[in-house]
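Here the chain labels run A, B, C and D in written order, and each chain numbers its own residues starting at 1.
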Amino acid sequence: MEDVYSRARGVRVAIFDVDGVLTDGGLYYSDSGEETKVFDVRDGHGMKVLQSTGVELAIITSRKSGCVARRAGNLGIELLFQGVENKLETFVALAARLGLEPAQCAYMGDDWIDLPVLTRCGFAVSVPEAPAVVRSRVHYVTAAGGGRGAVREACELIMHAQGTFDARLAAFLA
Amino acid sequence: MEDVYSRARGVRVAIFDVDGVLTDGGLYYSDSGEETKVFDVRDGHGMKVLQSTGVELAIITSRKSGCVARRAGNLGIELLFQGVENKLETFVALAARLGLEPAQCAYMGDDWIDLPVLTRCGFAVSVPEAPAVVRSRVHYVTAAGGGRGAVREACELIMHAQGTFDARLAAFLA
Amino acid sequence: MEDVYSRARGVRVAIFDVDGVLTDGGLYYSDSGEETKVFDVRDGHGMKVLQSTGVELAIITSRKSGCVARRAGNLGIELLFQGVENKLETFVALAARLGLEPAQCAYMGDDWIDLPVLTRCGFAVSVPEAPAVVRSRVHYVTAAGGGRGAVREACELIMHAQGTFDARLAAFLA
Amino acid sequence: MEDVYSRARGVRVAIFDVDGVLTDGGLYYSDSGEETKVFDVRDGHGMKVLQSTGVELAIITSRKSGCVARRAGNLGIELLFQGVENKLETFVALAARLGLEPAQCAYMGDDWIDLPVLTRCGFAVSVPEAPAVVRSRVHYVTAAGGGRGAVREACELIMHAQGTFDARLAAFLA
């Protein structure tokens, strides 16, 4: 865990994939053509608290849907990239735009398409449901499942590593 | 458990958070902007039976949605407070309105935002999915998960502590 | 299990509660007022095969919703009783209408409201998620969860007890 | 596993049932008559990668719904057969149309209605939730559940057996 904390310490932006990470990977399709995704309320709280410590939040996803835009809006995430075919290109451009090195970027993904970013970012995180070839190539695999606290766990880990967790919690206990 | 029963014995109002407590924390977002929550039929039955013993029911939530109003209506809960930014203020005002001391109020919550109330109410309950910093600060953590019987378990515990469980059950067995 | 098989052998009608039995108890409420329930495809198949052996199927539920009517239609169940306040009355009337003794009726339920029927029918079945006071008063608790195969398990058990299982299966293997 | 790999090696078309295989068997019915199914994002990725290796994909289902057509469209599956009463007939016709022997066809199903095809195809796969009488008649039962990675597992197994897995993965790691 020493390496994990050391990597998490330098994170200035936390970037998330959507399906399988912010959700459990379920794609709800209705007969009338409506698509639904299930997000997690505690994941959202963790993201907002992390954001309040000065770490930027971003979302990069290869799919595209209105519900992701709505969730991002909810959480105050302006760095939203949907319908991305080449995640690595978007990742590199985003880091440049924020004036950050890859080592300062955390990325959380769960499938093969995430590997180019996971193998280049400073802190690569995945979920227990990800294929073994993905899990074996990241720095940290969460104990909680995707859409079931994995993102919350990653956010808290970054705050613990950066020493911001206790002060944030204290504000709620005041 | 002695302390738990002793605390549950004095409860005159049982107050519930929504997401993560009355639900498993899942936020269903559709592309057309519709939001859905999943409640539990057995939780609802437990709440209604507890209510029939004279314990008041209330809901305090920081989010706001039509489905919560509908569920509250279903269960005959008039003390519904949605879109609450400061839960402690609402809690204090509610206790005053009911003429109750904090010690007579049970509160069930699952995240940091619930801590100010959880650390002041007479009987603080949380769920197994709550963060450790929350679970370590309540009087009782349910065995059942949020949205999967946690509320039912809390309601039955209060009835057992108050000696009302057996008579209520007997009415169904008549 | 001897008593269980002996009871299942005499069953001429299998009556099911809805929420918690044909579903996992989840009540999906949308902001626009739409309610959704989740049924199980394998439960449905088990019900249809049991029906084909000459055992009648019926549904008795205290709630009322369009999706239950649709599911019943799907499965060819005409004996559908929704919005029932007194399940025992409906049960007694149904048995009389079918010319059956209570001993010839199986009933599957999961909560206190089901106890009056569960304690009087010939073969009482419940699910693992039911409260202990219910589980302790039935003849059989399924291994599979409500909405996750519990009904399928009960249907197959009845067919095994009645000696109709093997012939039905053989028809699919032909 | 030797027999399993040997069977998977010859597969030229992978045919999938829908409910219980591409989903966890949940049938979401709303009061307004809308039906929803939940697919898995990682299953979809596995199907697309398998397809890219030259193995055809097909869907055969006895039910009929718009959401399956949409999911098939998403995945570029043109061989979609819905509302099929006799799966064996459709299977035989499909194999003939593709100029394949049954031994070159994989079929993945989860219930009695799938048995005629499962007992005749070259590589029969089922899911852990399937009834024992189905599981005992197939060549391979996935570790992952239906709608929770079972299809992904089957697709990867075929690619491993055919020696196409490593090259495909390498393309994502480039």
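Methods note: a residue touches a chain if its C-beta (ideal position, glycine included) is under 8 Å from a C-beta of that chain, and two chains touch if they have at least 3 such contacts.
All figures in this text were calculated on a predicted structure; none of them were measured in a lab.
Taking shared numbers over all numbers used, the subunit A to subunit D interface scores under half, which places it in the different class. When subunit C is laid over subunit D using CA atoms, the rotation angle comes to 90 degrees (nearest 5). When chain centres are set by their Cα atoms, the one at the greatest distance from subunit B is D. Here the CA centre of subunit B is 31 Å from the CA centre of subunit C.
Within subunit A, contacts with two or more other chains are made by residues 28, 34, 36.
Because contacts link each chain to exactly two others and close back on themselves, their graph is best described as a ring. All chain pairs that count as touching, in label order, are A-B, A-D, B-C, C-D. Contacts from subunit A toward subunit D in the complex involve residues 19-20, 25-34, 36, 63, 110-113, 115-116, 119, 129-131, 133. On the subunit B side of its complex with subunit C, the touching residues are 28, 34-42, 44-45, 49, 65-67, 70-71, 147, 149, 152, 156, 169, 172-174.
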